[in-house]
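Two complexes, one shared chain (subunit A), two partners (subunit B, subunit C).
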Partner chain A sequence: MSQAPLPAQAAAEPAGLAARAAARVAEHPTLALTGILAILVLATGFVEPNYLSVSGARNTLLQAAPLGILAGAQTILMLTGGIDLSVTMIATGSAYVAANQSPEGAVIAILLGILVGLVVGSANGVGVAVFRVNPLIMTLAMSGILLGLFTAWAQTILQGSTQMGPFIKLLGGGSFLGNRVPYSVVVWALIAGGLIWLLRRTGWGRLLYAIGDNEVAVRLAGVRVWQVRITAYIVAGVLGSISGILLGGRTGAVDLQLANAFLLPSVAAAVIGGTSIFGGVGGYTGTILGALILSVLNSMLTFLNVGQAIQQVVYGGIVLALAWGYAGLTRRA
Partner chain B sequence: MAVRRGEVHALLGANGAGKSTLVKILAGVHPADHGVVHVDGRPISFQDPMDAMNVGISTVFQDPALIPDLTVRQNLQLSDIDEAAFTPWLTWFELEDLDLDALVRDLPLETLRMVDLGRALARDPQVLLLDEITAALTADQAERVFALLTEWREKGRAAVLITHRLAEVRRICDRATILRDGRNVALFEPNASPDATNGAATGTMFDVDEHDLVEAMLGAEVTELEERNESDSLSPHQPGSRSASDEVAFSVRGLTSGDVVRDVSFELRRGEILGLVALEGQGQERLFSLLSGDRSPSDGEIFVGGRQRRWSAPYDAVGDGVVLIPGDRLLALLPNLPVRQNLVVPLFSRIRQWLGLPADERQRVRNAIDRLSIDTRAASQVRRLSGGNQQKVAIGRWLVAGFRTLLCFDPTRGIDVQTKRETYALLRELAASGAAILLYTSELAEIPLVCDRVLIMHDGRFVEEQDAARATESSLLTAAHGLEVPA
Partner chain C sequence: MMTALRSAGVALWRTGLARNTWTLGVWLLLSALLLWYATLIPVFGQFQVTSISKNSLPLVYLAIGQAIIVIAGGIDLSLGALLLLTNALAARFMDDQPFAMVLFIAIVLIAGLGILNALVGYIISVSGVPDIVVTLATGYIWSGFALWILPSPGGGTAPEFRWLFTGAQSGIGGTYVMPILMMAVPAILVFLLSRHTRLGLSIYAIGSDSVAARLAGLDVRRAKISSYAIGGAMAALAGLATVALTGTGDPRFSVGANATLNSVAAVVLGGVALVGGTGLVLGAVAAGVILIMLNPILSAMGIDPNNAQIIQGLLIAGVMMVGGLVTLLRERSA
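Here is the complex of A and B:
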């Protein structure tokens, strides 16, 4: 450790410009992310010139909206030092319920879908905050339970419609202003505004960061930490539900694999956006950029047409590099 | 300091005198900045604990050095101890029933201390270093340790014993070295052959009075300090400046928590600063966690403003205006967050305060920062602030949130002189404005400066109350050892 500064200083002399740029970027991490996003968009445009168009942007945003909302759930929980591995099962379950209830009308379908997130989020919160189960274990187990329950219910009480109603389809996949702006992006924007307000301008947001940084200190300061944790898991559950309903609306029909593929990207988007898994550090602005970066990356790999296996490897590698590079940048500050 | 073969050497000193640090140097845990350790006349330099063990020094540290999630047997294997060498010592300590396959975390503290000791003995050392070994033991176990030390001495081996129990020193120690502020200041020996190696004062062991040991721990500095206090702006002898009223803000009756806190009662009045003095490990930490609602007492009552309260969490205590500044700043601070985030946490303890921020949040933070003159140059992460500024943040949190009764646990430990003075002045100011303050401090010189009355705690009980203005370091330390203070 004591020898580390010497080579670093020596390297800083010739690379003074780069170091200064790095310091600047470290001060404003979102700048770096925006830069990466821009580079990725241009690279994708290079691969497929048609991508740089209104419809290309629309498709990316359509993909990014459900992911961004799921990643919002992870961001809230990761700030407290928690995580929700059941969030994609919540999304799938909510979509399933909403599709099943679609014949009853969109309002009932959506409300019952969100109820799934409320109930499961509360259960996760009670398990983590009151019974002190490790969040990884709690939500992983919950994910298994949900999969089992919905598999069984799909044959019994949820038998019937697996098609979303027209309103939900419009919400999840439709656009307005001459097919330019997807409705789901409007929903995402509203949620993003709400989350950013919650995290920056409310006491609850302050407590999320505080608990992630030092739970004992928050408790001694007279806060009932369990209340904050439970509400965080409930909010995360509801976000999972909304995301699932939008996703189901986009695909039109639901099955039990609906949101499966989004679990790791939801964590990755938050991590790329600079939210620490260990809690106390981060925010939703970075997560939004993280979700956009992952969506663009996905489009690029699709256009490259390299086959599913290679896509997965490249995707994983880039996510790892981004997360690692970002962590290095912020530690320097 | 020299330890002879065939002696039990006591190492004494007040809190923070450097006893444990010295032991860690001798055990090879910390390297020495200067100076040499001689073993059997040969200079030895220790790079790590193995070196010390190889020359026959075996140590039992203040806290159990066992891995909680392993069994006793696995712990022995880890430290390369032969079970055959270990079990005879268990028999000696009357622990032959101990299940070696029991998890360390499931064993009571006193058993662990004996396991620690047995493990040290199993290395068949020439020199045994025991840091507060008797503090956690029951009386009969301590007897077994004393019997061991007596035999140890007869075998011509050496032992160094750190303890706060002066009666033990008189009973089984041959000589005693006194440390103060990291220096050895006195050596007590049975036959008063002047040991002039370090020019320290010398005395005689067997007719040594326990009070003389206490005096030596304080040394000549007492008078020096008292002179300094006289010239201090916060002169202790100004009864007029004291603001205590008759209104009892906070009181406890018969507060008990296991064996650690026993039958503690006191009253704390508005405008009063009540001092609390104790040696390390006399139950003061537990007492503060009871008073702040962090733990529930096993018996006894807590009253706030004359009404009995039952608290299940700090939330309840804070709701009653009883707030804690913990001794360990790690328990108070959010190290990676800015000063502002640290200061505002208590403003959101109730759910109805969660949505939105108080309109005057910024103003309140600014006021606290100004009042405490917190240096905010490194304000973006509290862990980068100096210790003194971190302490100010811990105090400032309650200036922002407001309180009626303040529980302060050793607020000036490890902070600079300037911040100490500011802290004293602030506490007096808060008391003058009607707050009730309970102040535990390990710095005895603070007591007459800041407090109105002082309670002395020993072995979980309050043993004495003194008038703070007349309390001296010697009277406090004497009482803290559980001894009668001469009239």
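Here is the complex of A and C:
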């Protein structure tokens, strides 16, 4: 660590411009992320020329919306030093309930679906904030409980429809303005605006950062930390529900594996976007870019048609490289 | 003189007990569950003990590896993927080979995965990227390789190799001597390494406070890399045990992901706190066996497998809540 300033100084003299550019990128990491996103989009266009079109963008956004919302849940919790490994089971469960209640009408289906996130998020919050269970363990256990419950309920009280109603299908997979803008992206944009406002402009948002930075100091300042934590888990649960309902609407029919594959990407999107897993640092803007990057990467790997094995290797390699590059950039700053 | 020595010995025992209450509690819980299981079913004998001990082998190995890494202040979400990779490599290359060759492959795999995960530890320590993120990414890479090596379930191993882990060449029945031996020997070796060697103590030290450890002159990076190397070798053992148990290879991503999550659960239930620097490897061993044993116990009680999953989750959350409550009350009273 002690030799780090030396190469930086050496580089500054012959190429002041490059050094200044690097410093600027380090100050605004979103610039670097936007650059990476642009490169990935162009590379994907190179692989599949048809990708650089409205329908290509729409397909990527359709993929990115549920992931971005899940990653939003992860971002909020990671800011407080927490994490939610049950968020994809919440999503799956909500979609299951929504599909089951679809014959009752879209409003009831969506509200009952979101209720799942409210209840599970509260339970997670109480476990983590009041009983001080490690969030990794609490939400891991919750994920197992939910899987068991919904597997059992699928044969009993949730027997019946596994098809989403037409309104939810439209919301999750449909588009407007001549089939250009997906409705799910509008939902995502509203949520994104809300989250960014909450994190930047409200006391609650500032408290999330403060708790992740130094919980003891926040408690000594008179804040009821446990209440903030519980609300954070509830918000995360609701975001999980919304994401699940959109995802279910996109696929049309639901099963108990619906959102499983999104768990690790939801964490990865937040991390790539610069939110620290230890809390206190980050924001939702970076997460949005992270979710877009992962979705474009996914499209590219699908177009390359290299098979699942190579896809996983490349995916892991790029996530690692991005996180490494990000850590290097921000440490130098 | 003698009485003074004896009372000193008693005091030492008392502090030892107070420090390791959780580990002791987990072992008591395991014994209680075993006794209860014995009364639940009509015949309790060699078959049940063999079945529980051999089926717990993969999770116990992963839990030992995860415990060492967590004690050193890290966490490895790629252990399940390393299990997959070993499982795939072993099933692919051990198929139709003589026992000597199979043993040779096993040793190469244990050493190879130890080195591979040491490299991951090195990357974590030079990059400054959190452990959880690096291992999340490498987990994808290893399970991709596993799928590449063995695109669909298949492959096999030598019957003698299956006997080594299960006590029977067919993998069915057999005696409990081999599985218990295969569980106890690595567990005790890693436990002794962690408590009675310079390396083990430095692993505890960096997990407890890495800055203080560095200022005290310890090689933090070396200890960290060593913990990951041990974790990789244990994951390789878990993969080998899987191939011995099932007689085949299965490269599915979800198998690895579940194994990773179970290893984290076993470590925390076993009293190794995720903040690092505390707990004993032996606690994680007992917790691993408990997690596996719940399934036969619940099915002996006539509870269907879905509810068993719910009960397992409730048990993990419940135990951790009680633990959290106890520390909370202790803090309040202090």
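Here, the second predicted complex is superposed on the first by the 315 of 333 C-alpha atoms of A that agree within 3 Å, B and C clash if a C-alpha of one lies under 4 Å from a C-alpha of the other, contacts with A are read in each partner's own complex, and residues count from 1 in each chain.
In this text, contacts are C-beta pairs under 8 Å (C-beta built on N, C-alpha and C of every residue); 3 or more make two chains touch, one makes a residue touch a chain.
Since the structure is predicted, the reported quantities are computational estimates derived from the model, not experimental observations.
Visitor: Should A:Leu42 be classified as contacting the first partner (subunit B), the second (subunit C), both, or neither?
Guide: neither
Visitor: Contact-wise, after the overlay, does A:Val216 reach subunit B, subunit C, both or neither (first, second, both, neither)?
Guide: The first partner, subunit B, only.
Visitor: Which partner reaches more residues of subunit A, subunit B or subunit C?
Guide: Looking at subunit B versus subunit C, the one contacting more residues of subunit A is C.
Visitor: Per the contact definition in the header, classify A:Leu85: touching subunit B only (first), subunit C only (second), both, or neither.
Guide: The answer is second: A:Leu85 touches subunit C but not subunit B.
Visitor: Should A:Leu190 be classified as contacting the first partner (subunit B), the second (subunit C), both, or neither?
Guide: Neither subunit B nor subunit C is touched by A:Leu190.
Visitor: Is A:Ala141 touching anything from subunit B or subunit C once the two structures are fitted on A? First, second, both or neither.
Guide: second
Visitor: Look at A:Arg224 in the shared chain and tell me whether it touches subunit B only, subunit C only, both, or neither; answer first, second, both or neither.
Guide: In the superposed model, A:Arg224 contacts subunit B only, not subunit C.
Visitor: Tell me, which parts of subunit B touch subunit A in their complex?
Guide: On the subunit B side, the touching residues are 292, 294, 313-315, 317-319, 323-324, 326, 330-337, 341, 344-349, 351, 353-357, 397, 401.
Visitor: What residues on subunit A touch subunit B, complex-wise?
Guide: 201-204, 206-207, 209-210, 213-214, 216-224, 227, 231, 280-281
Visitor: Name, in rising order, each residue of subunit C that touches subunit A in their complex.
Guide: Residue positions touching the partner: 75, 123, 127-130, 132-134, 136-148, 151, 253-254, 257, 261, 264-265, 268, 273-274, 304, 306-314, 316-317, 320-321, 323-325, 327-328.
Visitor: Using the touch definition up top, name the residues of subunit A that touch subunit C in the complex.
Guide: 85, 127, 131-134, 136-138, 140-145, 147-149, 151-152, 260, 264, 267-268, 271, 276-278, 307-317, 319-320, 323-324, 326-328, 331
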